[in-house]
């Protein structure tokens, strides 16, 4: 019982991080129909940026208030990662928009390789340990086999995810940007003819996706305590799985998918085998795409004959 | 195509680009994380790097704006190289002569590296590229997990030879058969998937194979891999210095180069078989069905073509050639482990096919030479150590430049080096079809 | 009435219904496609004509109904009933199309079709398009391509025969001089004709054409009429076509069927249809036939 509860807490936490990354995938795929292969590495990049800002604030500037520091880290990471993703879109994807579908895919894969190796070259290949922060825990239960703990970190992650989801759901549903985005998703040419600035809308989509990935990266850095340049690929694929599971193009679907993947991975590792936990995620991806290609909340695509 | 801009505008845009680069450089480039003596993470400040990065981007963007002809959007690519048949024939002859030329020029020791690291390595990727070309280039099915079949071929030979002592020549067709079966098995459930979804599923499949090879240690010996795989023989004669060895039998002095040259000609033969089979199949109903599938699947079905079978044959055949290549890889290396079969390999092979220009055999070969040869050449740039200091390791930058090269190549030539298609049958005159008409396939 | 019309229908459509979620696109439609006839399917946009086509050619699976296709001299009503009860898809020249997938309908029942938005293999040459259409014959002759791989002579003969048939059709539609050009480079009218020729290369008993005259000028429409009439006469193929262009419909059809909002509202000769008040009302958008009569009076 204790184990179940603990794994539940862990799984929801992990799932929140996946969900934040998944939103980036789903938004980009929804608007330009492209799987942004580099998104996972953008997430990894943001984790590094967050770490560096944290170190800069604590070591170079000597700030001690952890809450303030982390807030600045979050803001800084969001801004800088958004800049990176904006630049990547302008350089690697925009020139290829509207052409051959494979070209942007190869370009994205190239970007992914570039980003991972760039970080490896400029920051070194070794694991980077993160200074501890927010180490307090709450004991949820006691007297069983072990105490089920809910750490402040976990509360932070889940609450930040929840708040951001609400903010962005509002953004997409109620604001002009959201409308423009949904219009571009449905019919880009028509949206352009009606006066929507498609380039700007797409750029903003990449920026928002990156900002959310940056939040995920900062939280990830804080939660796991270690970052490495190769941390982009596997979480990226799993987050994409989450986006597909939830229904590609659906924002709440991405988060629900993320939670599901996080829970499945955590429970699988706890009760079956930790070695094959990645296989579990990939298998879910395959099964979902074969039997339920539109995912849980997505709209099925019908091809006109 | 945007005409050459006035200098002031170019300067301004370049300046903006430099500014963005400076922003991007902070902090990831500027502040490096290092471990200090007490094993804590500290920051090292490298502000000069930011200036260098901004400067490079400024200059680069300025030059591109002034002199390059990059259109704002991907214009339909009408050009592209046209390789005449004569050129390809010359190419094949050149390949046959390559080891002999190298041997003559650099001697048995010096030419070893060139024949092995360049010749054999490039040819493996040419063969893999041609194999994947069947799936992606001809049939238009996006496969991102091709490395799985390569692994199946390699491990088939590794296991059969180490456990049952079967010779390479028996294992080669078996490896192809195994890989082809896996290709069909993978193809079957994913047939209904379109485009990007098919890509993701094949990617996931490749990752699962990799994970299983890493973790199912009883079967594959896990991360350590399988060692001491029997080496290639000259149809039974081992390449050793012993009495019954290849050298002794033919009255030659034993040299390591013999095996290397044999390996070269072996992979050349395998690659050429792949090529010839593909060309012949293109002119047969099954190959035409592949290309028709790529052009318009619904039209295919309306003509009575069973597209399920068409897709399965494409997958199986492509997988078979990867299986052959895999067993060759195993016999050449002498050991296999999961590290050789990562997503990077699949991505590389796919990049070769896309850069080549989908469906074009010559294009794929050219792309393989450029990409694999190029990255191997980077290892040669040791002279740069003198420029940047002895701690500079060019091989670190290899993958970095590789990724960058992929992006640049796609922007420069989105439809590949050779963007025209050769028809498989003609009435009066064989006219190449321009790439603007050829579809990319939706899987 | 012609002698042709007296023989048993080629395709009998009975109580065909197709639903998409809550929308009933085809609602209990029944009519016959006569053997050797040119049958036109007309109606306002959105009436369900292409959906009906897609049901017949197997791209959609109908919710209800029976589509019985009978080859020449085959099948009486009791054979159809027997096959329906047996649960099988086809037997001895009798096919229940609603049970068959799209490529089987094309391959076994020999029903060919063209599409509203032309679907040529644009990156392949005109000749290649016509050769691909003869895929199944060539597969058989080449032993599933395996024998062809080693240069089997029977395959070479079959391929030459296929090229000859392709030339016949190229000549018939007048684009022999463009045989080696990419299909995507052809002008629009030629592309439409090529799609028809490609369908004919499968030797169909029923040719389904989805708006073959769309986008054609009057001269090209007249040429299309000649082409379709000669297909009916020389190849003996029955034709079912969706069309909006009345100059085509009225001039060449033997039999016209009218759909509106998924329902069949008229079924008869061109003259009968032209004067049917319900048809006129449907096209004018008038709901009440009495009102239509008043409008026309």
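Labels for the chains are A, B and C, by order of writing; each one numbers its residues from 1.
Methods note: a contact is a pair of C-beta atoms (placed from the backbone, for glycine too) under 8 Å apart; a residue touches a chain by one contact, two chains touch by 3 or more.
For clarity, every value in this text was computed on a predicted model and none was experimentally measured.
Engineer: Please identify the chain lying most centrally, where each chain is represented by the average of its Cα atoms.
Structural biologist: Closest chain centre to the overall C-alpha centroid: B.
Engineer: Among all other chains, pick the one whose mean CA position is farthest from the mean CA position of chain A.
Structural biologist: C
Engineer: From the C-alpha centre of chain A to that of chain B, how far is it in Å?
Structural biologist: Whole-Å distance between the two chain centres: 30.
Engineer: Find the geometric centre of each of chain A and chain C from their Cα atoms only, then give the gap between the two centres in Å, rounded to an integer.
Structural biologist: Spacing between the chain centres: roughly 50 Å.
Engineer: On a C-alpha centroid basis, what's the spacing between chain B and chain C, in Å?
Structural biologist: 46
Engineer: Two or more other chains touching the same residue: where does that happen in chain A?
Structural biologist: 305
Engineer: Would you mind listing the residues of chain C that make contact with two or more other chains?
Structural biologist: Where chain C meets two or more other chains at a single residue, that happens at 59, 115.
Engineer: On chain B, where are the residues touching two or more other chains?
Structural biologist: Counting only residues that touch two or more other chains, chain B contributes 298.
Engineer: Touching residues of chain B toward chain A in the complex: what are they?
Structural biologist: So the residues of chain B touching chain A come out as 20, 23-24, 26-29, 31-35, 40-43, 49, 70-74, 76, 136, 142, 189-190, 192-197, 199-201, 203-205, 207-208, 211-212, 215, 298, 343-344, 347, 350-351, 354-355, 358, 396-397, 399-400, 402-407, 409-411, 414-415, 440.
Engineer: Per the contact definition, I'd like the list of chain C residues that touch chain B in the complex.
Structural biologist: 57, 59, 102-104, 106-108, 112-113, 115, 119-125, 127-128, 131-133, 135-136, 138-139, 142, 144-145, 148-149, 155, 159, 163, 167, 176, 179-185, 198-199, 202
Engineer: Which residues of chain B touch chain C once you look at their complex with the stated criterion?
Structural biologist: 277, 280-281, 284-289, 291-292, 294-296, 298-307, 421, 423-431, 433-434, 436-439
Engineer: Which residues of chain A touch chain B in the complex?
Structural biologist: Residues 29, 33-35, 45, 48-49, 51-53, 55-56, 59-60, 80, 83-84, 87, 91-92, 95-107, 109-124, 126, 128-131, 233, 237, 240-241, 244, 275-276, 278-279, 282-283, 285-286, 289-290, 293, 301, 303, 305 of chain A touch chain B in their complex.
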